[in-house]
Amino acid sequence: MALMRGEAGPVRALGVGLIGTGFMGKCHALAYRNANAVLGGLPPIRLEFLCDVPHDKATRMAEQFGFARATDDWRALVRDDAVDIVCITTPNRMHHEMALAAIAAGKHVHCEKPLALTLAQAEEMAQAAQDAGVCTMVGYNYIHNPAFAHTQRLVEAGEIGRIVHVRGWVDEDYQADPDLPWTWRAAMAEAGLGALGDLGCHLVSMVCRLAGPIDSLIADMATVHETRPLPEGGGRQAVENEDLASALVRFASGATGVLAISRSAWGRKNRLGFEIHGTKGMIVFDQERMNELMLYRNVGDKALQGFTTILTGPEHAPFGAFVPAAGHQIGMNDLKIIEAGAFLAQIAGGPRAGPDFTEALVFERVIHAIAEAARSDARIHLA
Amino acid sequence: MALMRGEAGPVRALGVGLIGTGFMGKCHALAYRNANAVLGGLPPIRLEFLCDVPHDKATRMAEQFGFARATDDWRALVRDDAVDIVCITTPNRMHHEMALAAIAAGKHVHCEKPLALTLAQAEEMAQAAQDAGVCTMVGYNYIHNPAFAHTQRLVEAGEIGRIVHVRGWVDEDYQADPDLPWTWRAAMAEAGLGALGDLGCHLVSMVCRLAGPIDSLIADMATVHETRPLPEGGGRQAVENEDLASALVRFASGATGVLAISRSAWGRKNRLGFEIHGTKGMIVFDQERMNELMLYRNVGDKALQGFTTILTGPEHAPFGAFVPAAGHQIGMNDLKIIEAGAFLAQIAGGPRAGPDFTEALVFERVIHAIAEAARSDARIHLA
Amino acid sequence: MALMRGEAGPVRALGVGLIGTGFMGKCHALAYRNANAVLGGLPPIRLEFLCDVPHDKATRMAEQFGFARATDDWRALVRDDAVDIVCITTPNRMHHEMALAAIAAGKHVHCEKPLALTLAQAEEMAQAAQDAGVCTMVGYNYIHNPAFAHTQRLVEAGEIGRIVHVRGWVDEDYQADPDLPWTWRAAMAEAGLGALGDLGCHLVSMVCRLAGPIDSLIADMATVHETRPLPEGGGRQAVENEDLASALVRFASGATGVLAISRSAWGRKNRLGFEIHGTKGMIVFDQERMNELMLYRNVGDKALQGFTTILTGPEHAPFGAFVPAAGHQIGMNDLKIIEAGAFLAQIAGGPRAGPDFTEALVFERVIHAIAEAARSDARIHLA
Amino acid sequence: MALMRGEAGPVRALGVGLIGTGFMGKCHALAYRNANAVLGGLPPIRLEFLCDVPHDKATRMAEQFGFARATDDWRALVRDDAVDIVCITTPNRMHHEMALAAIAAGKHVHCEKPLALTLAQAEEMAQAAQDAGVCTMVGYNYIHNPAFAHTQRLVEAGEIGRIVHVRGWVDEDYQADPDLPWTWRAAMAEAGLGALGDLGCHLVSMVCRLAGPIDSLIADMATVHETRPLPEGGGRQAVENEDLASALVRFASGATGVLAISRSAWGRKNRLGFEIHGTKGMIVFDQERMNELMLYRNVGDKALQGFTTILTGPEHAPFGAFVPAAGHQIGMNDLKIIEAGAFLAQIAGGPRAGPDFTEALVFERVIHAIAEAARSDARIHLA
């Protein structure tokens, strides 16, 4: 059995259990597989147990991803003694039950966003994690981008002065086609919120990390395609959640902001970005060019001022752990490696780096407040 | 005396009277000076009379701009028999009185935006122009960009399907510096609205031309720098109007939109742009790259789809009247030539092309509605 | 008669005679029409005489452009007493004869590039102008771009250190289509050099202004489409000049450079640009975004370094004479206004700003050397 | 012992031996670690043996990268029975000896580029591999980019017509600073060629894959900084190889090309790119935005033509094995996963995908020909 060298003697390698093998499941598998090789200095891990249905798919994916054992029973995984960390990458409606079970079994939980379909469920999850004292991490992977971490450092160092305004957007086009068949994504009971839950919470995570908590907001939302054809020629079914949403927010700091979210924006594939307006400058970011950052500072000769396109590189940790020179670029899966690394470091006693259930709850309160403000056409105040 | 060949015999060249010689005054002077030389086929004009204060400045600018006569008395210009068109390019607070006087004298009026400080004044101006039957034009110059005209044609032809959503922004940084002294721009009685009146109405003009009238909206606004130093060391004075504003709008068509406006956005020099989200594609425009248009259409092989950057050229009339090949670019002053040309053609009996006082009033109702919605924190319905 | 107030009493306004009314003819007409109105402080001019064939076209264009008189006899224009400046915008093969006649008549000559079909002709023209003591200007309009002037200032101030390398390119696609009919552009006796004469000399003008004279070079060139269909179905005719050319140059300074030129580059409309590599930084320019300049300097915090996109503005004279704020953009025709203004100032006794025949000859020696090096497959040394 | 299920019964997992743990060593380790997890369907591998000096570094890196055993004796690794694939990521001067030894031991060899310091060594390596019948792969990782593979498919499908011209460049700035101390990179006996060997061969690999073999070329090169300070204050030492190089090439197909290479180009971090000029369109690529491809096609309405920016996605295999949606981006290390996967598939009997020693030799002949042409100032013909 692999051991980790702790202060008090050898420590067992952390056993990772993964539930789900879709986009995010694979992403988690790769992240834990690589965190130590890339970043170094982390507690050792074992890819211990993988769950999917049916069983033979679980077996096949375990072999591909390098997990030791496979199951089609997530409860067996959650209570397995060799599992220390439970990764939950299943559809949103299953997060709540799985996370509570994992917490009850004393496991650390790495859960994909959003935490749950409803705010009440998310609150219950955050409370349970706090009560149990386990470590948690929620998959807000974009905030682990070195470009974002650098933005945070610049903002904190006052490079662009006091933040006075924020613009944020997140757009994709996976629901832009009017002829796309109806899927579970359109059902409130399956998916919960639409564009807000799927995309909007990422935007909120970035904006709140940069500009602090949101105090109140007004909002609007719309379902662009009100019904969609059922896949088997059986007429059309209603789309129950929003295709797009937008909000005008006020931060506790006094800054204001504009957020815009769409899953029906043709041509946008992962356009998650922001502008941070400060009294001394501005920072602009776009995830579709995730290795770049644009910075304007009102310093020096006016004839030389402009937006500087900074290519992230070794100066922007932990970029250098991936490739030792700017321009060589990291990708989406590398962000998850950073996230997993941060979680492992935290489990080993390091500081909290990524959003745990409690911080994620703050983000998710905002998307639910946007939905509520849009439905009620009234300003919603957050606690 | 120059004559225009009309159907009923020779016609007198149109006499242009210009009030004001600042940025927009010069722009008008150049526009009328060049409209015929560039575009051809327009009624002949005379640069007849120019007004500024003091008188010697008027004389000097008349000589530079090629006007025949100069005065420091705008009322003399307005009632002058040789003047057929009055161009009003003075500070906003003077538009109302000057335009009413020009209309009363039976002149055609080419007025800079916004029409007036208050909506009531703007309404009075539009009514007076209608009653008098004179031609009017308001300086929404950006909608004369061939790139914009092409966007309109694409939208009308259904190239991007039904419009479902619009994003718009207009940002500059001329009030971004906290240490900038207080000027008349900060005074409600001098400037009226702040960023909304100066910049926001341009954005509204574009958005409404593309997506139709706005039905209702909610909004927020903020004064980033609440006071500014008085120029002569005499303490600080309050900034009375908004540095930034934003609105969530609903169009009569059912589409929704997000508008964001700032005069305190470091690094933005004339960032006036929009995204038009349709059911079949998207169009994106940014005035800082005014000779480009980005178009995404969901047609053909998915492996070849992406945003196409179209460089405006002779295929996008009247670009070819300026330069006969794409990539050679037109500039800001060229837009005013198109605007003046459209006005001259209209005076000669052609169709209304640019926004007259009545259409401008529609745009300006929106910016006042944004201000009202922000003040009242309530949804405002436009007629 | 209009008069210019000189030190020694009133001076006659300069009479402009224009030969040719195509793209460049119109551009010259607009330039002289506007130079004083835009830039101010220049000698007064009269749009005196315009020549084109047939006569009624000349009459029509004179009326549109605002010229007092029209002719179809360029020799009459050249010797006309009221003409002080002769603008030559006819096809390349006519420049030589017209310019010599104008010089012989004691006129100042503003000639489009290239000077002539052959180097011998160009040399004769430069010599004649020097002997006669008239002022000359050649239409290398891109070097009048405020972005280019700023680049020159930055280079001269050492902002990017010693220049060690230059990359330059100029590409258009007007001969990219294999099915395009044969025209005079393909005939050596009509057009002279192909892409080199039409486009390459612009690139050389910019590169030499920035990095100094070229000492020697090796080169290659190619005719992409060796024959083209005759317009009236009469078979195919040979293309006699090059569609693309490229050269590896050595500057007298010791720097090296790479130049690439094509008139068959699909999608490129006016892609004239360069990279200036210095020991402390780099400057990059692209005419298709002519109001922008990209600057990298190795100064300060590495984590903040990147290319800064500078939008030209009032800090980059004479941009502010056109529009008083960056982001509002000038266009191609505005560059000609600056060029005409520089010529008028020079005629009035100011310094030489644009390339006269002598400097143009330096540029054109380079394009002929490229052609010769390509033909001989040997290094060519320039004097 | 892990087994691979082949047709003829269980097959032993392939043992990977890695020599070197720098930038490329880590990159290889991650690539083999992940190839199967990401791409699936490949032969199983074992991370068997790792070599570096001193021994404790080897031990430490083996643990971090997940290799079973460590050594400081590369010969031991090369002849180890459990090693089937030898990855050579040491400095260039060591490739030759190591590769020959590995081949002699019957191992498959995955070697970083360039193959060797001299062409003679490279030829010897290619011959030895052919004679031994082992599989080889050279680390031209950029050609494994899905964006590049898509470019190849587009070119082969004739989407841009016949290729008539190619522009290529590769620039970095790691030797741009004049004050940088002298290192082994500047010594011919250590590094061999300078910018050509380090960067230029990558460019050649892309260009030749797209436009076919190069027939002849002329070239120039320069050492920008002729000496550099010795690290310990001991005066200055000569830089023996080139900082920049450029070539005008003629392809066997009749197309021409321009190549430019620099390691002293401030601000360029990994600017490896090309333009492919065809008779029907153009493709442009820049590695600094490696998830994008720009395509212009002369098809359809001229008013809608422009460069389309294609974001690579699942339509561009094997992108979808990493992330299932465009805009989510892959990074530099992912390219090596594709390369390692291609090598494993080839070892298992699949087709040759990446460049083996024989194809790499073709690329490297070109960079040596560039150097020779530059030295001799004469056209060099390739076989």
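So that you can tell them apart, the chains are marked A, B, C and D in the order they are listed, and the count of residues begins at 1 in each.
In this text, contacts are C-beta pairs under 8 Å (C-beta built on N, C-alpha and C of every residue); 3 or more make two chains touch, one makes a residue touch a chain.
Note that the structure is predicted; figures quoted are calculated from it, not measured.
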Name whichever of A-D and A-C has more C-beta pairs touching across its two chains.
A-D
Can you check how far apart chain C and chain D are, centre to centre, with Cα atoms defining each centre and the answer in Å?
42
Please tell me the distance, in whole Å, between the geometric centres of chain A and chain D computed from their C-alpha atoms.
34
What is the distance, in whole Å, between the centres of chain A and chain C, each centre taken as the mean of its C-alpha atoms?
54
What are the residues of chain B that contact at least two other chains?
268, 305-307, 311
How is the touch graph of the chains shaped: line, ring, star, complete or other?
complete
Which of the residues in chain B end up touching chain C in this complex?
23, 26-27, 29-30, 33-34, 36-38, 40, 64-66, 172, 174, 268-271, 287-290, 311, 313, 322-334
Give every residue of chain B touching chain D within the complex, in rising order.
150, 295, 302-311, 315-316
Listed in rising order, the residues of chain A that touch chain B in the complex are 160-161, 164-165, 167, 169, 176-178, 218-220, 222, 224, 244, 246-248, 250, 256, 258, 260, 262, 264-268, 275, 277-282, 296-298, 305-307, 377, 379
